[in-house]
Structures are given as structure tokens and as C-alpha cells.
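What follows are several structures.
What follows is chain A paired twice: with chain B in the first complex and chain C in the second.
Let's look at the complex of A and B:
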């Protein structure tokens, strides 16, 4: 009994953080149709920058080496991580969304992610290379000295509050004129262009906003675990968020909640606590990854709209007389 | 200076591997019109099949490689028939197909890891003493890979220009509907294309792992986007462009390994990719010889 509550709290933290990830990817892909195959890079960007803002200075002598090291309070570090991820999203977006077709976009994001991964892992002065950042003291420990279980409960609260804020941001964008333009761009870019919408700019905003949410989630992860290294953001992690978004349903944020619960919590995180099989310790992780890959394909096959489909909007139909399609009226007129 | 010339020699070897891989990817793109993000895992799967056949089953290496290539072709056809065809037939959005191939790459790479484990393997091949040819110094294996690539490229050229299959593939990549009404069995041509792309992926994977000596399940991950860079540089869907792109990128990456540092090889390829995308997104070759 003593273990179950902290365990559930840990899962809850991951659930909240993955919700933020899934909404972020949803803004990019579900709203605006930007195919970002390196979502996890933005998560990492947020985590690293939050880390170096919150951590003390690193030095070569101790073997822990990183830039900045400002010792700033965690909330500011979180915002810094979010901003850094947003800027990175804008930079990659500027290259990828250059009036190119969607497969080019996917290639550029994937390639950029691979290069950044290699750079961060090999270039130690930046974020301590492959060893990564470590040794972050519990955020808020000066005001609230807590043991590790109590800290987990605190983090349920913190990530919950941040999640609610992100929910309002994501919903706000979805229901705004900007969100409408994003969906129009996704559904038919030429048509949106024809109506005078700046589709490149709209998709850049989506890319950047999605990256901001990724960065917020990454910063929360950094604060929760206290360490972050390249082993934590291999390209496989992007699949988890993609699978969560596709399974739950794209273009709406409730789908993201369902998807991140099914994929990220039930398949991805909860199975990490299954003891490894002695004879073959890699079997459970590989089967888990196969399941995640298969869930992407199966859902796109049988139910591409996901568990919770995007609501059909009727704004563009506006029939003058209900029950009659507008096309028939044009013909009769 | 001698070192740079020497690295040009290595560049030609890399270019040979890259050319085989790029032509395989671009041929498939030309005919089917979507990118296969699982292509990198195809390379590794063939390499591991060759390893099992030659090291575990003690088959002759050349025979093992040939069997693995054909097997990879069959697997590619199998995947295309069972999974991709479903989405193509329903005219699913391009997004779906890209995500499906992306998901497939996760599945295949984990199948590889589940069967062969995450460790590194090597073929039991003797490296051979390097031969010195002018400024270049290359092993017999490397020369063999280069020779094989040249023969293959000529073979692809003759297939595309002289055979019914090649002409049908070019017609399909030009205009699929027009090809279909002209009586070309597009289904059959598509499946042959997948077989060829699978074989070429297999061959490239084996050549890649022979040149890198030891290999693990993720060895082709960064190579995949050097392939993408070569394909885009040459103009996506153009086999001759892909050959040219492979030659340029192969030499650029190897020379930069000497001039800058071998740790930043991938970054140089990425910079080349970005420069091409910004300046000439349609690629070097646009109209002539599209497949």
C-alpha cells in the first residue's frame, strides 16, 4: 500500500506531461497539418534550457559541464525552456515550411532532429554531452522542504496547474480565427492561399506554438526527474507522442487526453514497471515499441479519425434553408 | 593535399553505397509518389539476414548476400501489398502513408533488436591489403563495392531505357493515370518496383555494413538522411539525379571528415540538404530522364 500511491502519482505526472505533448503535436499536425517527425527534439530543448537556467554553473573540473548555470527559480526556467523550444521550432519551421510538399517537411524535421541529437551528444560544453544534465535540486525546496514521495505529490499539482494553462492555450487557438485558418491550410492549402491567408506564416505559428508546449512539458520533466540526457530523447520517443495523438484523434484536444492515457500511460509508462525477463532483458521494451508502431498503423487503417473524432464544423456550409445543400440552391437559382 | 585526395577515394566508396541506396529510394518514390521512411531499416534488416546466413549458417558470403537481397525484395513486396496498398487504394492522404512508413520503421527496427539483440556484429571477412592506385589507397573489398555500384547503375540505366518494365516505370512516374489507360498493369509494375527497391536497399545495407566493419540495429539511422539528401539533391524521383547526388554527397562528406572533423559528417550532409532545399528545391536534374 505504501508504494501504490506514489506509483500512481508518478503515472499521473507522466499523464499530465504527455497531455501537454500531445496537444503540442496536435497544434502542429492536427490543426495545421505540419508533419513534425522530431517532436521530441523540442521536448529536449525545453528540458535542457529549463535545466541550465535552474542549475548552478557547471565546470570542467567536476566533469559536469554546461552553458549558463544561472540558479534561477524553476518557474522562470520553465518559461525559458518554453521560449527556447519555440525559437527552435521557428528556426526548423523556417527551413521546413518553405512552400514545400509535406514529405520534404517530414524529411527536414527528421534530419534536423538527427543532427541536433548528434551535436548535443558529442559537444560536451553545451549540455554535458552524452552524460547529460544532472543534479537539479528539487524545485521549490527552499520554501517547501519535502521528501521524495511528497515531492511527487507536489509535482502532480504543479504539472496539473501547468497542464490546465496549456489546455486553455490549445483550446483558445483551436477556436480562434487563427485556428480556423490553420485547419483551412491543413485541408486545402491552395484554397486558403486563394482566400488571401498567409499559409506559410500560419504553419510557422503552429510549428512554433506546438514546440512551445513541447518545451513546457520537457521543462516539467526536467524538474520532476532532476536530470536529462540524450538517452531520454531518442527518436523513438517521437513515435509515442504521434501514436498518442493518432490513437486519440487529431484536431481536437479531448482526443489527445484519451490517446496520451492509452498510449503514453498504459502502453509506454506502466509497462516500464514490469520486471525484465531474465533470459531476454530487451524483449519487453522491443515489444512495447512494436506495439506503439503497430497502434499507429492499425488506427490509421481501421479508424483514421481516432477514438474521438474531430467535430464536424458547419461554418462553411451555412445553408440558407435548413435541410437543403447549398449546391442545389446555386443550381436552382 | 595527399590526405584530401585519399579522402576523395573514400568518398567514391561512400558514394557507391549511397548511389545504390538512393537510386532504390528514388525509383520507388517516382512510381508510388510517397517516401518510405522505413527504408533505413530495410538496409539493416538485409545486413542482419546476411550476417545470419554467412556467420551462423556458414554460407558463402556472396551467396548469403544475394539470398538476403532477394529476401529483402520479397519482404518489401509483402509489406507494400499488405500494408501500403490498403492506404493507396483508398486514396488516403499523403500524411497517412508517411506516418505509416514511419511507424513501420519503428516496428522493423525493434524486430531486428528483438531477434539479433542491441549489440554489434561483424561479418567474418578478411579486410585484405590496401592497393595503392595513384593517390588512392583502397582495399579490394572497397574496389569491389565501387565496381558493383558502377555495374548496377549501368544495369538500372539499361532497365529504364531498354526493357518493358523500365519503360512502364517511367511512364507511371510521369503520369500514373495516363499509364493506366495505356494498358500498363500499374499494380504489377508497382510490385516489381517494390521488389527492386527492396533488393537495392538490401545491397546498400550489406555494402554499408561491410565498409563500416561492425554494425548495430541503428547503424543506418543517420545514413538514411544522407540518402534523403542525395535523393533531394538530385531531384526526388529522378534516378540519374540520385546517382549524381550520391556522388556529390559521398565526396563532400568524406572530404569534410578530413578538413573539419569526422564527428560532423552528418551535419555537413544536413547543411547540403538545406542549401539545396532553399536554393533549388526541385533538385539538380529536373526534366531529363525522370523515372
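Let's look at the complex of A and C:
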């Protein structure tokens, strides 16, 4: 009992944060059809910027070196991380989306992410290179001095509140005329163009808003763990979020919740707490990745639209001819 | 030469793919309020001309004027915002949107597409949508698609998709509609319905039409004026009945093929 509660609370925090991730990726891919293969870079951007806003100044002498170091309160640091990620989303989007379509665009995002990864991990004055940021004191510790278990419970609350705000952002976009135009752009960009829609702009908005949610989640991670380094955002992490989104179902946010629960909580995070077998410490992560891959394959095989498919919107109610479900999708309740 | 009553003026348009000249010095005018046709054998360059006018392709030389604006090399969405809508030879519906949603995409300047309104004043978009839905219901009713309004567009039959393309375009309240083979692959009963819709839209809403069409009966029935293209060039212009007598036009349609096509 003494151990299980903090353990569950920790899983809860990761679940909440992963929900924010899947919704962010869903805005990009599920709504607007933007293939962003470097989603984790925006997570990192949010984490790093939240970190350097909240941390004290670094210095070369101590061996902990980073930009800014403003000692600002965590809520402001979180907003700064979100804004930085949104701006980075816009920049990478401008390079990738402006001139290119679908597959090439995805490759450009991947390339941009690789360049940024190399830069951040090797150029120490930025975020202390491969060692990364560390030593963030518990956010809110001045007002609320807590032991580490109590802090975990506090973070369930903090990330829960932030998650609810992100839910409203994601839902408002999805259910708006803007969301409809995003989905039209996803289905046929040329046709949306010929109806006077500035589809490049629409996709940039989706890219940037998705990156904002990634940055928010990254900032929450930073605040929770107190440290963040390149080992935590290898490109494989992007595919964990993709797997979660696709398993749960794209184009709706409940799908993201289910997907992040299955992939990011049940499979990904839960296995991390099983003690590694002495003989082979890489066994657990390998099993985790195999399970994520297998769940993706199973879902794509038996239910390609995901566990929760995109909802059909009925905008005008009258007696009508009963609709047949589309070939690739089934109407959700 | 500039005809004041011309809504669309195409002058000396050329476009090559690689080294191949698909459109080669093509010129014609379309009069405001007319229903015109662009005809010609397969590969004549008709769809390429449509793409150039609509902005999907950037013309390499020549100019295109629409309603007082130079739209040569203008981006497709900007051309559309001036009131020129084109359709594609193959239906291009938004498959995972319902029929109703397909109709709600085209109306221009929707306040609900503004991110700040979306995040902070969602009621703005909802209020606007209620009015658009009412208009869409009327349009769907005239096209006989109301009962399909909640169906995913991807599930419609070929003919229903053609009707949807027209209905969707009407929602944008265009001045000019450029239809690339709107009757391709649909049954004769629906062809009759489509051509009466086109005439009705011209008469009631004053929309000018240019149709790329292989069915010369339809062309003869509804089009005031016909532009004939062959090998990327404009070959002749006039009424269909005159063009049938034009030996050059007849030859372009593979030696007498014109009469067979007209009969079939």
C-alpha cells in the first residue's frame, strides 16, 4: 500500500501527459493530415524552454551550462515552453509544408529533427549538451514544501488541470469550421485549394497548435522529473506517440485517450517498473517495443480506423435514409 | 481585342510538360452569363487549360484575365476567392466528411475558421454554421441530395458525387464555374438532370459556365458557344451547328468521328 499509491500516481501523470501528446499529434495528423515525424522534438523544445525559464542561471564553471536561467515560476515557464514549441512548429512547418506535400514533407520534418537533435546534444552552451538540464527544484516548493510522494500527488493534480485545458483546445479546434477545413484539407488538399482555402496556412496552424500541445506536455515532464536530456527524446519516441494515436483512432480525441492508455501506460510505462532481469537488462525495453509494434499491427489489421473511429457529424436532423457505414470506417456511437 | 463583356480572357497560353507542348498558343474569351463548351479530342490539352486557369498549374507563357484581374500564375485558392471555381475530371469529394460537411467547407470568409475565434469564441462559428446549414439544406434539396446529407461523401455513387461537386460549388457563390467533364461516366437520366441544373444556375444566379465535354449532344443542347481545341491550340470557335460543317474541326475529330460521336 505504501508503494502502490505513488506508483499509480506516477503512471497517472504519464497517462495525462501522453494524452496531451496524442491530442497534439492528432491535431497535426488526424485533423489536417500533416505527417510530422519529429513530434518528440517539439516535446523536447517545451521541456528545455520550460527548464531554462524555471532553472537558475547555469555557468561554465560549475559544469552546468545553459541559456537564460531565469528562476521564473513554473506556470510561466510552462507557457514559455509551449510558445517556444509553437514557434518551432511554425518554423519547421514553413520549411516542410510551404513547398512540399505529404511524403516529402514528412522526410523534411525528420531531417529537421535530426539536425536539432545533433545541435542540442553537441552544443553545450544551449542546454548543457548530452548531459541535459538537471537540478530543477520542485515547482511550487516555496509555497508548498512537499516530500516526493506528496509532490507526485500534486503533479497528478497539476497535469490533470493542464490536460483538461488541452482537451478543450483540441476539442474546440476539432468541432469548429477551422477543424472542418483541416479535415477537408486532409482528405483532398487540391480540392480544398480550389474552394479558396489557404491550405498551407491551415496546415501551418495545425502543425503549430500540435507543437504547442507537445510543448505543454514536455514542460509538464520537465517539472515532474526535474531533468531532461537528449537520451529522453530519441526519434523512436515519436513513433510511440504515433502508435498510441493510431491504436486509439485518429480524427477524434477519445481515441487519443484510449491509445495513450494502452500504448503509453499499459505497455510503455508499466513495463518500465518491472525490475530488469539480471542476465539481460535490455530485455524489458525490447519487450516493450515489441508489444507496441504488435499492438499497432493488430489494430491496423483488424480495425484500421483505430479502437475509437472518427465520429460522424450530423448537423441537421430529420427523418433520413439509414446510412451505410463507409468502406474503411464504421460509424461511432 | 479586349472584349469588355468577356468574363474570362485567355491569351496566347502555352504550357509544356518536360519537352511536350500540351498547350500551345491557346486563346479564347468567355462572355459573361454564357454557357460555353471547350471540346476537342483526347489529349488536346483541355484539362491542362482548366488547370492553368484554376491555378493548379502555373502557365509558362501567355496571360489569363478574369473579371478585371490578371490571374496568370495566381495561386489556386486566390483564384477561387475571386469567384472562379473549377471541378476536376475525376470527382474530388472530401471523402471522410459527410455530404452536409462537404457543402459547409466552400463558403468564403468564415469567421469560424479564425483560430482566435475558435479558441475563445466558439459560439461565433456555431452561429455562422447554423445559417450555412440552412442554406446547404436548400441547395441539397434542389439537387435531390438531402436524404444523403449525413452520408460520408466517399460512399456516394459516381453520379451522386457529380451532383455533390456541383452543389458544393454553388455554396461558394461563384461567378464562374469551370467544369471538367461533369457528365463523364454517368447515366443519361442524370445527364439530363445535370444539364438542367446548369441552365437553372445560369438563369437564376447568373453564373457563367465553361464545360469541358465530350458529349456533343449535351454541348449542342445547352451551350451558347463552343471552343474547339486540338494539339494544344484553339482550332475554331462558334455555335455547335456551325462547327459541324467546319472541315478542320471534323478532321480533328479523326475523320468523320465527329458525326459518330454526335450520334452516340
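The rule is simple: the second predicted complex is superposed on the first by the 309 of 333 C-alpha atoms of A that agree within 3 Å, B and C clash if a C-alpha of one lies under 4 Å from a C-alpha of the other, contacts with A are read in each partner's own complex, and residues count from 1 in each chain.
Operating definition for what follows: a residue touches a chain if its C-beta (ideal position, glycine included) is under 8 Å from a C-beta of that chain, and two chains touch if they have at least 3 such contacts.
Just so we're clear, the structure is a prediction, and the values are computed from it rather than from any experiment.
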Q.
Looking at A:283 after the superposition, I want to know if it touches chain B, chain C, both of them or none. Which is it: first, second, both, neither?
A. first
Q. After superposition on the shared chain, which partner residues are touched by A:246: those of chain B (first), chain C (second), both, or neither?
A. first
Q) Does the superposition put A:254 against chain B (first), chain C (second), both, or neither? A) neither
Q: Considering only touches as defined above, state whether A:7 meets chain B (first), chain C (second), both or neither.
A: neither
Q: Would you sort A:130 into first (chain B), second (chain C), both or neither based on which partner it touches?
A: neither
Q.
After the superposition on A, what does A:190 contact: first (chain B), second (chain C), both or neither?
A. second
Q) Is there a shared patch on chain A that both chain B and chain C touch, and which residues make it up? A) none
Q) Okay, in this complex, where on chain C does chain A touch? A) 54-56, 75-78, 80-81, 85-88, 92-98, 100-102, 104-106, 108, 110-115, 117-119, 122, 125, 128-129, 133, 136-137, 146-152, 154-155, 168, 172
**Q.** For the chain A and chain C complex, residues of the former touching the latter
**A.** 169, 172-173, 175-181, 183-184, 186-188, 190-199, 205, 209, 251, 310, 312-316, 318, 320-321, 323-324, 326-329
**Q.** Residues on chain A engaged by chain B in the complex (per definition of touch)
**A.** 29, 33, 35, 37, 95, 98, 100-104, 106-108, 110-112, 114-115, 118-119, 122, 235-236, 239, 242-243, 246, 282-283, 286-287, 289-290, 292-294, 296-297, 300-301, 304
**Q.** Residue ranges of chain B touching chain A (in the complex, touch as defined)
**A.** 34-35, 37, 83, 86-87, 92, 94-96, 98-100, 102-107, 109-111, 113-114, 117-118, 221-222, 225, 228-229, 232, 263, 266-267, 270, 273-274, 277-278, 281
